[in-house]
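Each of the next two complexes has chain A plus one more chain, namely chain B in the first and chain C in the second.
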Partner chain A sequence: MSKFFAVALGILTAIGGFVDIGDLVFNAQTGARFGMSLAVITMVGVVGICVFAEMSGRVAACSGRATFDLVRERLGPRMGVLNLFASVAVTLMTFIAEIGGVALAIMLVTSISEVLIVPFIGILVWAVLWRAKFSVMENVLGLLGLCLVVYLVALWQLGPSWGDFASQAVTFDKPGKEDWLTYSYFAVGLFGAAMTPYEVFFFSSGGVEEKWTAKDLGVMRANVLIGFPLGGLLSLGIAGCAAVVLQPLSVDVAALSQVGLPIAVALGKVGVAFVIVGFVAATFGAACETGLSAGYSIAQFFGWQWGKFVKPTQAARFHLVLILATILAIGVLMTGVDPILVTEISVVFSAVALPLTYFPILVVANDRDYMGEHANGVVANTLGSFFLVLVVVAAVAAIPLMVITHMGAGV
Partner chain B sequence: MTTTERAGRNRLEHAWLDAALHLLDRQVVDSEGMMVCNVDDLEVTDRGSRELSVTGLLVGPAALVPRLSGRLGGWLGRMWLALGVQYAGRELPLRLGLDVVEHVGSEVRLRVPRDGLLDQQSPAAPGVVLRRMDDLLGMDVVLDGKVLGHVLDVRLEPRRRESRMVVRSLIVGRGRPGSLLGYDRGDVNGPWMVAAAVKQLHRHTGELGIDDVRTIDWEHGLVDATRPPGPLDRRR
Partner chain C sequence: MNASRKGYRAAMGGRTRWSTCAGAALALVAGPALLSGCGIGHPSSVSSWQSASDRVLGSAISGLGTARLAVQQEADNRMPHSYAVVTATDAIDTTGKEISGYQVAQPPDSLHAANAAVGDALDQASSLLVDVRIALASPGLTADSAHRLVQRIDALRDKLDKLDKAVEKSPATVGAS
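Let's turn to the complex of A and B:
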């Protein structure tokens, strides 16, 4: 059991990256509209985030410096502050959406008004960020979030034609009624969601919270190689279930209840119980991840003490940022905005912030001042360079595609 | 994790280090491993007759905000002053003397705890002018009226016993992105694609010894050289 907990950080990071409220709906939407033709994109995204999370985790373990330290140091304060604005904007938008997502998940089982639930959840998230030990947070939320494995069980139960799935994925077999521009928009969205900057901010800072050193590189790599592929698998499971149940009905997925429908069909009430626990845990976990990431980024840019590994009074400004973020989130959600819409917009903007985040990681992972003998080898550099090119392409294409396709509604 | 367990090599024990690449914008950590601040700028002591040395780390909005405006001509810096007209010493940053700096590596480590450490920069002693590293970086380097390039970085010689770092030479080049990445200084190697691109962009980068500088015009941002920069010394 303790071996499981050693990889809890990787699993929680992956939950925030692959099955947060935006991805839950986006993946189901992808499956409902495109079947499995975008599966390869998700897999490419998984490899990409593994490459960069491993690098940022290695930098954190060898030097104690988390990712945003590197951004300011290598790009200078001007580019650093631009990246800070973009990253914090995206991360805060996602934080707001996640708290809204927890409320949506709870509203699947009760009819308590949103006005009452949202402040309660906001305060609960803040209390966890303020008081709960980092390891308790990651272990509990990581474990409960794994209830989403019920999607893989449901997919098995639904008994799709695996051959069809495989051929759709490998041949990028887009359904006739969708055009290639919309396909590209979904591809960029999936890739951007898999590689959102807050994942590496959280993973590298979490590594410092866990006090990783050069001796813990094996544990760090286990976190990466178990956590993110698992997250990708859950993503594919959600898309697959949607492809089997929702695609034949031409359902346009926009609500969390529709995301849970295939589970009800395949596994009945027991499955629904698991999936609701999974939804609540995954969105709550993603809320903690994005809240902390926003605090980490701001504190690391200005050089303030950050982290849950010191007492709150020793990292006063960091915790103040978390309080303000929570108040902002509750305030925005009380206006009744749809959390899913907020997160879909933020995914696209995060694609723009990607190159400014990943480039410094790649550079510092090669710096022997930081890494000593653990600097990048040829494999890490080749993969890193390849994905950096992909990331730049995604960043450039993101906003035009969003505008042209009206956020996936069709050209 | 104590700070000593992450030792790594200390650049203060080397023959030289580069101000922008190795010092500026680094995290400052105290003797107990607690984070203090970021290096927002460097205090440069000007004793005239071309003797320039770095004597302290500058911290705080008064040091950082002017660095954010760049081509906006110090607009942000002026706005910072205007927003605090009623405060004395608004333009004075907080300062950490080099005497408390123990180790310069992936971070700047101090030899004292952080409580009550940051204090406002004191006025200069008579005969001495206090300047900022950010004003020196980016200055045009001219030879007989022709602009050779810009100051990309400043090479410093650490003198620990004197608690200062003497300016030894200026790294001069065409001022394009990538100068902070260390490739042109022989510091970082991979990945191949980025290294090759940056080396190509910086093939005209050279080193100008401080003895080959006739004057530095701080008002207009001009360095008057007596000869062209020589090849970059890449030895570590």
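Let's turn to the complex of A and C:
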């Protein structure tokens, strides 16, 4: 019974914790502009994150060590530094975007400028990272994130033409006014948003924090292979709602307030209350995950004591990184920079950093010295190699597409 | 002395190579930009003016669409008041940024009238978005005032849409009459 409860809780938190500010913004943008014609990209991204999250979870469970711990040891310091620099830069950018996202969500109910809210959010995130138990943090925020299921209810309530949705999804057709380069930019963005690097750092480090062993592989796989795809369904729900409500009015999503508008149309005030709680939980949860991921990456690379399973005094340098990351995020957001812009940039640069994150995981998961009998098999290697090719293509295309399309505004 | 001059020359030679490389890189970046009229105050080409006008008109149409949804949901009591006000403010903010970016560019010499017509329509869109925000924030909407605002929004969206199509098809005719 307790195992069933653990699996159910893990799946629910994986669903609730799947969506972050990048998913909210990019899915709403693509739905509003391209309907469901990019839905397949979201699905491909979800399969990709499942493949690599399972791999990194397996590495954590079998070796008892997290990703970066092994990357430096297996690939050497030079490759490790490159990997560390790219991953931490992107993770910090995402951390800033998530804290900004929490502030924007709270602004929707208070009307107080997000710049004034940011310092309080930053301190609250730091306090949670400092004091809250790992399992409490993960479960509470993950379960509250389930409020975003309201998008699926709203989509059902809006009653779109499901046949039309399916047709758009399989024909890869774009609306007449849009150009293919902009279409490709959003495809890369959606893929980057689904495969954000911090998710695997957090997942594998979380496995070490929760002391996974090979016996936990079943629960871990259930969380990933059931929870993540259902989380991906929320992403499709966001895109679907935007396609039904925002696309006919030619609304181009550039603010978080626009992401929640379809919920008001479909479900009224009760729905809006759910979606705001969902926004706060999803972005706050992701802020905690990205903050911890930055700390994990740096501490694991330099061999410092890390994690929330040890007292802060024993992992002082890890907690110092968390404090510095929080100060950096507050400082950047207090300049008045648009958090949505930071989100868009962080998602594009996530796509650029993807190969540096996922290639080492594939290498380590194939190493029988660490993995023993749980090293990658043919299926994991075939899928891993396929997605590695995709992430390289996305990484190469991301910045040129961002420049040429004026960040998706059009050629 | 000779040795030190040689060293000096070598050092200066190194610096010259670096400055040559930097100059070449700058020319590579700035040259095409200047030639294509990207310098401040240089007239843009007709096609880039069309693209920029299309983008900014699209942004204004999007802002008005957002405002329309906010007005309707507020009038139907389907949205918290603060959410509606923030949505309208966001619409002003995002549309305003696009408009100011558009206004600093120099139009092609043959399209000053067209540029003025687009600018005039954008001013109307900005004003209407501000009207919506003011009406939403205080004193709040009645069924009548919401209906009037939606009618004004729809009329202006229609006008901007027609203007956008004209800009795309025959920019020289825009603002000619």
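Assume the second predicted complex is superposed on the first by the 388 of 411 C-alpha atoms of A that agree within 3 Å, B and C clash if a C-alpha of one lies under 4 Å from a C-alpha of the other, contacts with A are read in each partner's own complex, and residues count from 1 in each chain.
In this section, a residue touches a chain if its C-beta (ideal position, glycine included) is under 8 Å from a C-beta of that chain, and two chains touch if they have at least 3 such contacts.
It should be emphasised that the depicted structure is a prediction, and the values quoted were computed from it without experimental measurement.
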{"item": "When chain B and chain C are modelled together on chain A, clash or fit", "value": "fit"}
{"item": "Touching partner for A:304 - first (chain B), second (chain C), both, neither", "value": "first"}
{"item": "Which superposed partner A:111 touches (first chain B, second chain C, both, neither)", "value": "second"}
{"item": "Touched partner set for A:269, first chain B, second chain C, both or neither", "value": "second"}
{"item": "Arrangement angle, chain B at one end, chain C at the other, chain A at the vertex (C-alpha, nearest 10°)", "value": "120"}
{"item": "First (chain B), second (chain C), both or neither touched by A:252", "value": "second"}
{"item": "Chain B versus chain C as contact partner of A:65, first or second or both or neither", "value": "first"}
{"item": "Touched partner set for A:77, first chain B, second chain C, both or neither", "value": "first"}
{"item": "First, second, both or neither for A:406, with chain B first and chain C second", "value": "second"}
{"item": "Three-chain overlay, closest Cα atoms of chain B and chain C, distance in Å", "value": "17"}
{"item": "Chain B residues touching chain A - in the complex, by the definition given at the top", "value": "1, 5-6, 8-9, 11, 22, 25-28, 34-38, 40, 59, 64, 67-68, 70, 105-107, 180-182, 187-194"}
{"item": "Touch list for chain A against partner chain B, complex", "value": "62-65, 69, 72-78, 80-81, 211, 213, 300-306, 310, 314, 362-363, 366-370, 372, 375-376, 378, 381-382, 384-385"}
{"item": "Parts of chain C lying in touch with chain A, wherever the complex brings them together", "value": "51, 54-55, 58-59, 61-62, 65-66, 68-70, 73, 76-80, 82-83, 85-87, 90-91, 93-94"}
{"item": "Contact set on chain A toward chain C in their complex", "value": "107-111, 245-246, 249-252, 254-255, 257-258, 260-261, 264-265, 268-269, 272-273, 276, 406, 409-411"}
